[in-house]
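Structures follow.
Each of the next two complexes has subunit A plus one other chain: subunit B in the first, subunit C in the second.
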Partner chain A sequence: MLTLILRQAALRALAAVPTLVVVTACTYVMLFAIGDPAAVVAGESATPQQVAQVRHSLGLDRPVIAQYLDWLGNAVRGDFGASLHNRGTVLDLIGQYLPPTLLLSFLALTAAVLASVLMGSAVGSRPGGPVDRGLGAVAVLGIAVPNFLVGYVLILVFSLWFRWFPAGGYRDPAEVGWATALQFLTLPAASLALGLMCVQMRTFRASLIKEYEGDYVRTARMKGVSPGGVFFRHVARNAAAPWVTVIGLEVGVLITGALLVESVFAIPGIGTLTLEAVQGQDFPVVQALVALCALVILAANLVTDLIALWLNPASRGLS
Partner chain B sequence: MADAQAVLRVTGLTVELDRQGGSTPLVTDVSFAIGRGEMVGMVGESGSGKSLTASAVAGVLPRGVRPAGGAIEVDGAVDGGATGPATRRAARRGVAMVFQNPMTSLNPSMRVGDQVAEAIRLRRPGTSRREARRAAVEALDRVEITRPAERARQYPFEFSGGMRQRVMIAIAIAGEPSVLVADEPTTALDVTVQRGVMDLLDRLRLDLGLAVLFVSHDLALVGERCDRLLVMYAGELVESGVTADVLRRPSHPYVRALQQCTPEHALAVGALRPLPGRVPQAGEVRSGCRFTPRCALRTEECERDHPALETRGSGHLVRCHHARGSEE
Partner chain C sequence: MTEVVATGRPRSTGILAGLGVTRALALGFVLVCLAVAVAVPFLPLGEPNRQHLGDTLASYSAEHLLGTDQLGRDLLARLLWGTRTSLFAALTAIAVATAVGLPFGMLAGYRRGWVEAATGRVADVILTVPALVLLLTVHAALRSGITGQMVTLGVVFAPRIYRVVRTETVKVATLPYLMAGRMSGCSHTRILLRYLLPGIRAQSLVQVSYLLGLSLLIEAGISFLGVGVESPNASLGTMLSGAAAMLASAPRVVLIPAAVLSLLILSLNVIGDIESKGERRG
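== the complex of A and B ==
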């Protein structure tokens, strides 16, 4: 079974390569269509002659395809070029802005997963009760309200009224310690987690209810399995597959969500870097960030597919 | 049947559906007994309450449905039926059940051997994992699954319908029950596979001395395999007795009508006689005989008085005002 899953992993990783190429190629062409890197580098006061000179010296007058292939060749070797605004190499820049986003996403996703498992199993095993209806209403609200609005409400309530948490900013845990760093991360992580949690909870609840109706649950009861045993040994695993798939899809939501939440809470993360790079037409940075996002989403899908494969033996025979 | 040695004795079993503002009876006052090594058939249309009776005996009634009265006695141990976690008690009491749909009755993500081993460990709590696994392979061998050690490591999707039903039977007998409830165990299988599964049930009941309650809507199959026969209609027993007696001299007009709409009967007389109407739904039970609207013999008495289950000869019980008159 392990070899089968490893083989699947290798196959899907291979299949992800064309996707990555297409995504980065499209981004490259689109960036050229909407702006002119030579003009950015030459500066606002440059004459058309100077711009043309810069364009030639950077090789930007060559066909787009040739330039893209150059970029791809360098990228494969780990060289994503340098910022057009003299902010250092693209990799250094990303390395500098990545930790806050990683921390924020990890906290938000973990919180959402734990909360959704707990609440989903509480209501999925006993649907229709007052707790179920209450959490159902919360979930609809949590799914419908955008996370930046949730962020502002949390700031209003927990930092302006109660003064429990800071209203924004980011502290490096290596410098100020985890206690302080987490204080700064709590509200942004919560506003990011709420939407994710609600979708996950509803998914897990729905698949639990469906699984509880399965004939095999009756078989387990017939054997004399306790209600806890029915949940943990039989129902939970079968109900987990759709939920895991949703978590995988949410990684994409997490990236766009982080962009908004970071700007609400003034966190110097990947979202902030993306905004700056797009506004400043810093093409190499934008290009690398898009490639990074695509890579993260593909990796998340790969991992969830493999988990689903492990959860559902019948699907192992396919594909 | 030697009634004194009954392994399973059901007395006045009533099953109700809980609803807001009251409850609806689904099974009313059902009594029967099954002896060691005996197979008793229970027949009736869909909605007659036969599956609910079976589920109540095995303690696996669906959510919202509960035993509201009567007693289920296994090996002399009485179970009031109305209170407590009836499910687990049923298993401990020694009742196992095989269900209608073998395709969905096994956990799809659990190895077949582990599903059998789980039943063994629940029956004998001290058993080690390894010991239970070995016993599971033995149980699979007992239900005539070839290469049982290898098959035990496979998942249900790797088994055909007939093989899955054999696994279900292995799970059922792994709990060392004295009563086996088989709820249409072969309905979802094709005819050749059906024969194999029925032969297996027959052999196991004789080898292990199981008391088997065999629920089916197939009169011919029940006639071929069962010692005695219970006929359900609208949640109550309408006729019961030794299979040969009941099928050769059916006393209740419902049983006669059932016989006349079987292919066997159609071949014999050249015409299929469908039974008009349908089984009354839960809650629409009338004051008189429940079969009245569909009955060819109905009289005012049938509309007015609910007939009692009365004895006609040795062990032959009938619930009909006109049972005597219908005798040839």
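== the complex of A and C ==
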């Protein structure tokens, strides 16, 4: 079974390579051929001759395909070039801005996963009850309200009225300790987690209800398996597969959400870097960030699909 | 996996069963907002961008029904004009998405074979990058303004409409009435337009309703970040931009546009939710 999953992993990873190439190529053409990095470097007061000179010295007057292949070759070796605004290499910049985003996303995703399992199984085992209807209404609301607005409401209630948490900013846990760092991360992580949690809870609930209708549940009950045994040994495991897939698909939502939430709470993370790079037209940074984003999404889909495969014996074949 | 992507976020299977009132309210709210968006130039409102710097953050009054914002601009006028800007932007995106996604989806589901394989690959690639990140990239390269960005968003959303339309077309294409049409000698064009289109309309509209909500969210997102609708023009997104500073002194300035935006997205989701429940086959 392990070899089967490994083989699937290798196949899927190979299939993702052309997608990555096409995505980065399209971005490259848009940024470096349609956009004009030379004009950005030369500055607004530059004469056309100066811009042409900069274009030549940066190698931007070569065919765009040759430029892209150079970029791709360097990127594979971990070299994403340098910022157009003398902010150092792109890789250093990303490394500098990555930790807050990683920490924020990890906290939000963990909270969402745990809460959705607990609440999803509470309501999915007894659909139609008052708890189910109540949580259902909350979920519909939680999905609709954009997470940066959730952030504003949380700031208003928990930092301006109750004064429990700071209204924004970020502290490095290595410098101030985890207690303080987590205090700064609680509200942003909560605003990011709410929407994810609601989507995941509804998925888990729906697949639990569907699994409870299966013949194997009746069989298990007739041979005397306890309700808890039916849930843990039979139903929950099967119901988890579609839910895991949805978590993978929600990674895109998580990235988008982190971008907005970082802006609300003034967190110096990848979202902030993206926004600075976009506003300053720092094309090499934007290009690397899009590549990183596509890579993370493809990897997340791959990992969650493999977990779903491992959870569902039917899709493993007879090996 | 394809199925989950095709329907966007998972839909409820019974949470909202029997809540006919909710759906009516949701539809009513969306229609009222649309009516206001169309009628706003004819309403007796103040100039939405005029600043009264001696009268900033004023509370509710007869002159300014919802008060004024941090630059002394009339909040009601900005709210209504902002709703218009946001809704029209979202509708632009949806129009483009439908114009691209619907024909390709129908063709792929009807002809299958290489048409489906080719269009499906393109859809997969587009879906790899989140819409917001792609719009930021487009803004960095082109500085194209909100209309250009909404057209781009339409292209990004086209695969989502394409997938639903394709799945539905495949289902409908095997139904007896379509076979009957083909046997009675209808042309392919006639089958696509007069037989298939009505059959897939309901599910496609559900997806359109959901995507309209998502477009509103994305417009608000990029305008909030300052790379969408340009200041000083009002949209539901720009009204929230830089609003954190206002939370302590006048939360109203943040909460009113936030509530309208959330209610609109909620209503569109509710409409999508219940329609899909009613239309779900098997």
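Everything that follows uses one rule, which is that the second predicted complex is superposed on the first by the 313 of 319 C-alpha atoms of A that agree within 3 Å, B and C clash if a C-alpha of one lies under 4 Å from a C-alpha of the other, contacts with A are read in each partner's own complex, and residues count from 1 in each chain.
What we mean here is this: contacts are C-beta pairs under 8 Å (C-beta built on N, C-alpha and C of every residue); 3 or more make two chains touch, one makes a residue touch a chain.
Quick caveat: nothing in here was measured; it's all calculated off a predicted structure.
Participant: Should A:Lys223 be classified as contacting the first partner (subunit B), the second (subunit C), both, or neither?
Facilitator: Once the two structures are laid over each other on A, A:Lys223 reaches subunit B alone.
Participant: Just checking: does A:Ala300 make contact with subunit B only, subunit C only, both, or neither of them? Give me first, second, both or neither.
Facilitator: Touch partners of A:Ala300: none, neither subunit B nor subunit C.
Participant: So, does A:Leu160 touch the first partner subunit B, the second partner subunit C, both, or neither?
Facilitator: Once the two structures are laid over each other on A, A:Leu160 reaches subunit C alone.
Participant: Quick check on the superposed pair: does A:Phe283 touch subunit B, subunit C, both, or neither? Answer first, second, both or neither.
Facilitator: A:Phe283: touches subunit C, not subunit B.
Participant: Please tell me which partner, subunit B or subunit C, touches more residues of subunit A.
Facilitator: Greater contact footprint in residues on subunit A: C.
Participant: Go through the superposed model and pick first if A:Gly214 touches only subunit B, second if only subunit C, both, or neither.
Facilitator: first
Participant: Which partner does A:Leu311 reach: the first (subunit B), the second (subunit C), both, or neither?
Facilitator: Touch partner of A:Leu311: subunit B, not subunit C.
Participant: Touch test for A:Leu196: subunit B only (first), subunit C only (second), both, or neither?
Facilitator: neither
Participant: Any idea which subunit A residues touch subunit C in the complex?
Facilitator: For this pair, the touching residues of subunit A are 19-20, 22-23, 27, 30-31, 34-35, 127-128, 132-133, 136-137, 139-141, 143-146, 148-149, 152-153, 155-156, 160, 167-168, 199, 202-203, 206, 209-210, 242, 245-246, 249, 252-253, 255-256, 259-260, 263-264, 274-275, 277-279, 281-283, 286, 289-290, 293-294, 297-298, 301, 305.
Participant: Give every residue of subunit C touching subunit A within the complex, in rising order.
Facilitator: 1, 4-5, 9-10, 12-16, 124-125, 128-134, 136-142, 213, 217, 220-221, 224-227, 240, 243-244, 247-248, 251, 254-255, 258, 261-262, 265-266, 269-270, 273
Participant: Where on subunit B does subunit A make contact in their complex?
Facilitator: Result: residues 58-60, 87-88, 90-92, 96-97, 99, 101, 104-110, 115, 118-119, 122-123, 155, 157, 168, 171-172, 175 of subunit B touch subunit A.
Participant: Under the stated contact criterion, what part of subunit A meets subunit B in this complex?
Facilitator: 214-216, 218-226, 233-234, 237-238, 311-314, 317
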